[in-house]
Amino acid sequence: MYFDSFSAFIHMGGYGVYVWSSMFVTFFGLGALALEASWARRKITQEARAQQARAERIQRAKSASTQQQSGQPS
Amino acid sequence: MTSLLEAKGIRSIRGERTLFNQLDLCVKTGELWQVQGPNGAGKSSFLRIVAGLLPAQAGEVRFRGELIQTIRSQYHSNLLFIGHKAAVKPELTAIENLEYYAAIQGQPLTAAPYELLERVGLVGLEDIPAQRLSAGQQRRIALARLWLSSANLWILDEPFTSLDVSGIAMLHERFSWQLARGGSVLLTSHQPLDNIPVQVNMLNLEYQH
Amino acid sequence: MWRWLHPYAKPEATYRLNKKLLPWFAIPGVVILTIGMIWGLAFAPPDYQQGESYRIIFVHVPSAFWAMGFYMGMAIAALSAVVWQIRTAEWAILAIAPVGAVLTLISLFTGAVWGKPMWGTWWEWDARLTAQLILFFLYLGVMALYAAFEDERTGAKAAGILALIGVINIPIIHYSVYWWNTLHQQSTITQAITRFEKPSMAPEMLWPLLVSILGFLLVSSALVILRLNNEILKREVRRPWAQTLLLKENR
Amino acid sequence: MASELSVGSQVRALMRREFRVAMRQRSDLMNPILFLLVVVTLFPLGVGPEPATLARIAPGVIWVSALLSALLGLERLFRDDFSDGALEQMLLMPMAVEWAVLAKIIMHWLLTAVPLLILAPLLALLLNLPKEAWGTLWLSLLLGTPVLSSVGAIGVALTVSLNKGGALLSLLLLPLLIPLLIFATAAVETAATGLSPAGPLALMAAITVLALVLSPYAVHAALRVSVN
């Protein structure tokens, strides 16, 4: 450990603001990329669900229309 | 039967050519009128004049006996106009498009939108952006407005374009509903309206050279 | 080599491979990056000229280095996409571009922040920073071009061609920007960094820097893999394998 | 009989749709802003990076670039609506068309000017604008961008039915926007010298109010001509 105390570590010889804001932006950027990826992943899952729901609706409509036809012959 | 819409002595000139002159039309409640004529006869222009989108060079259009220019707001809240451009936003889904039209027609989409879209044959396509649908399917989104509308007068420019047989039958059925409740329909169409269960009044436009 | 790679041109196989690879990048990446940061920030000695402010180097240099490196990676993917028509490579372009752009942004911000105590202004038109800013625009161009196409495959191909043109252009841009800069003034941050890049750099500073560079590579690669898998799933969402895989996931 | 519809609910529905459509074409919104950033970057490369030179030209460069980038994004105000028929429907809404136009202008302003206002400090930084002038630059953009949206709407409404917008639109609009440029740069420059920019800013505010009040009528008239 180069620094004598924790406060000296935070202070960075007067350059604390610069060093720590750089660190913050760096990890904020990388973190945002990771978050965005997981958010996109959730969107894709939603899309898959929507797809499944669509297929179900089509199925239901089809069975309803065939029932109607068999219910009213001629 | 009272007169709902009355056009008198309408003249339209596009460029150098007179499309029609001294054209009269009287639509009563419970009537369906078809404007017929060859390409370029001015069917669309006539509908747009009647709807108040286009000024006529001469003549006047009255709605319930009043000039449409003087009662514009009232007229337009009693009118449903669907032009040959479908006014369906390609970026939005069928449901989102309907939500918008329901809101501006004063009928919040309370009736299940899925049911409505099923009725117009868009099952399974409700939440897909309209740009990924076919021309006929986009047309059906626009025509779904007929199921949201409480307007007395429907003006439809070529409503059957790019519709298949089932779509046409669906429209016919809706027209009879509108007439039965005392509304009126004014439309253009190239083809004669076969198999329609209501009486069709014809207005023929000639091509003027 | 291409014969061996070929099965991985199949989306599902690529997805599974990526999934297996991901922890091998992500876990060591986070560990190594943490080590590099702690080493650099807390244990490395201060610089005799710049004091503690030089510690920004431990994020600035890795991000700037890999901003360029990932552009090269994107160009290689673009070349494979354009020449060999490998679909996975098309998606790789789209997976790499945002990661590269963020790395460029990080290097721009940290460069500006580093410049502040040196020059008293937040932004100086320094050759290195200016070139980096242009690199950022190149990344944005690739992403914007892709987004402009309705058809994803055409968009990916167009973006790939643009990336290739960009990679040819980068040396020219660099040369011209450095030349422009020497016409007008001496670039301080460039001097500051080249001073560190000389082999004479003290090993107590060099080692944590190298560790940070490795950490950045691993973490950024993990992010690229994550994005690549998203791109694959996005395209394959209609296929049964992707459907079953996605529907198994809990809400 | 259709139920009576309040202006508020129609405006809300329209703005909601505008926002949704814009969110589906986010790149259309981002590109003009990025264009602005690139153009501003070109100036130091062209005239040299001396801080004093840059500070001298900064107000003009930022404002001219903002004008040009605003022109790029203007067409989306009515172009798509015209081609898909939504414009006709807008003219057939029961409320006065001016309200619909105003709603569209406000939405366009929110979607284009807000990113610009966020980016403005960065541009000031890049061009080394003196700190004293930052607030004035921001204020001038805040006051000036509604004029861009509303006067721009008139230009777009006039040219929307022609299939050659672009250059023609710029030709129509740039002369109309010159007063704005003059007052805005004057305000920023006086602020940079440490004097009060209240005079030019007040003039800008007057122009903004005038543009917002009058443009809906002009746009309505122009749209009537265009849907013919």
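First chain written, first letter: the chains are A, B, C and D, and each begins at residue 1.
The rule is simple: a residue touches a chain if its C-beta (ideal position, glycine included) is under 8 Å from a C-beta of that chain, and two chains touch if they have at least 3 such contacts.
Since this is a predicted model, take the numbers as computed values, not measurements.
J.: Give the label of the chain whose average Cα location is farthest from that of chain C.
T.: B
J.: Looking at A-B and B-D, which pair shares more C-beta contacts?
T.: Between the chain pairs A-B and B-D, B-D carries more contacts.
J.: Which chain has its Cα centroid closest to the overall Cα centroid?
T.: Of the chains present, the most centrally placed is D.
J.: How far is the middle of chain A from the middle of chain D, if each middle is the mean of its Cα atoms, in Å?
T.: From the centre of chain A to the centre of chain D is 33 Å.
J.: For chain B and chain C, what's the span in angstrom between their mean Cα positions?
T.: 56
J.: Roughly how far is chain A from chain B, centre to centre by C-alpha average, rounded to an integer in Å?
T.: 43
J.: So what's the Cα centroid distance for chain B and chain D, whole Å?
T.: Distance between chain centres: 36 Å.
J.: So how do the chains connect up here, line, ring, star, complete, or something else (other)?
T.: Ring.
J.: Which pairs of chains touch each other in this structure?
T.: Touch list across chains, by label: A-B, A-C, B-D, C-D.
J.: Provide the residue numbers of chain A that touch chain C in the complex, in ascending order.
T.: The touching residues are 1-3, 9, 12-15, 18-19, 21-23, 25-26, 29-30, 32-34, 36-38, 40-41, 44-45, 47-49, 51-52.
J.: For chain B, which residues are in contact with chain A within the complex?
T.: Contacts found on chain B: 114, 118, 123-127.
J.: In the complex, go through chain C and note every residue touching chain D.
T.: Spelled out, the residues of chain C in touch with chain D are 121-125, 130, 133-134, 137, 140, 144, 147-148, 177, 180-181, 183-185.
J.: Taking the complex as given, what residues does chain A use to touch chain B?
T.: 50, 54-55, 57-58, 61
J.: Going by the contact rule set out above, which residues of chain C touch chain A in the complex?
T.: These residues of chain C touch chain A: 37, 41-46, 51-53, 55-56, 59-60, 63, 98-99, 102-103, 105-106, 109-110, 113-114, 116-117, 219-220, 223, 226-227, 230, 233-234, 237-238, 242-243, 246-247, 249.
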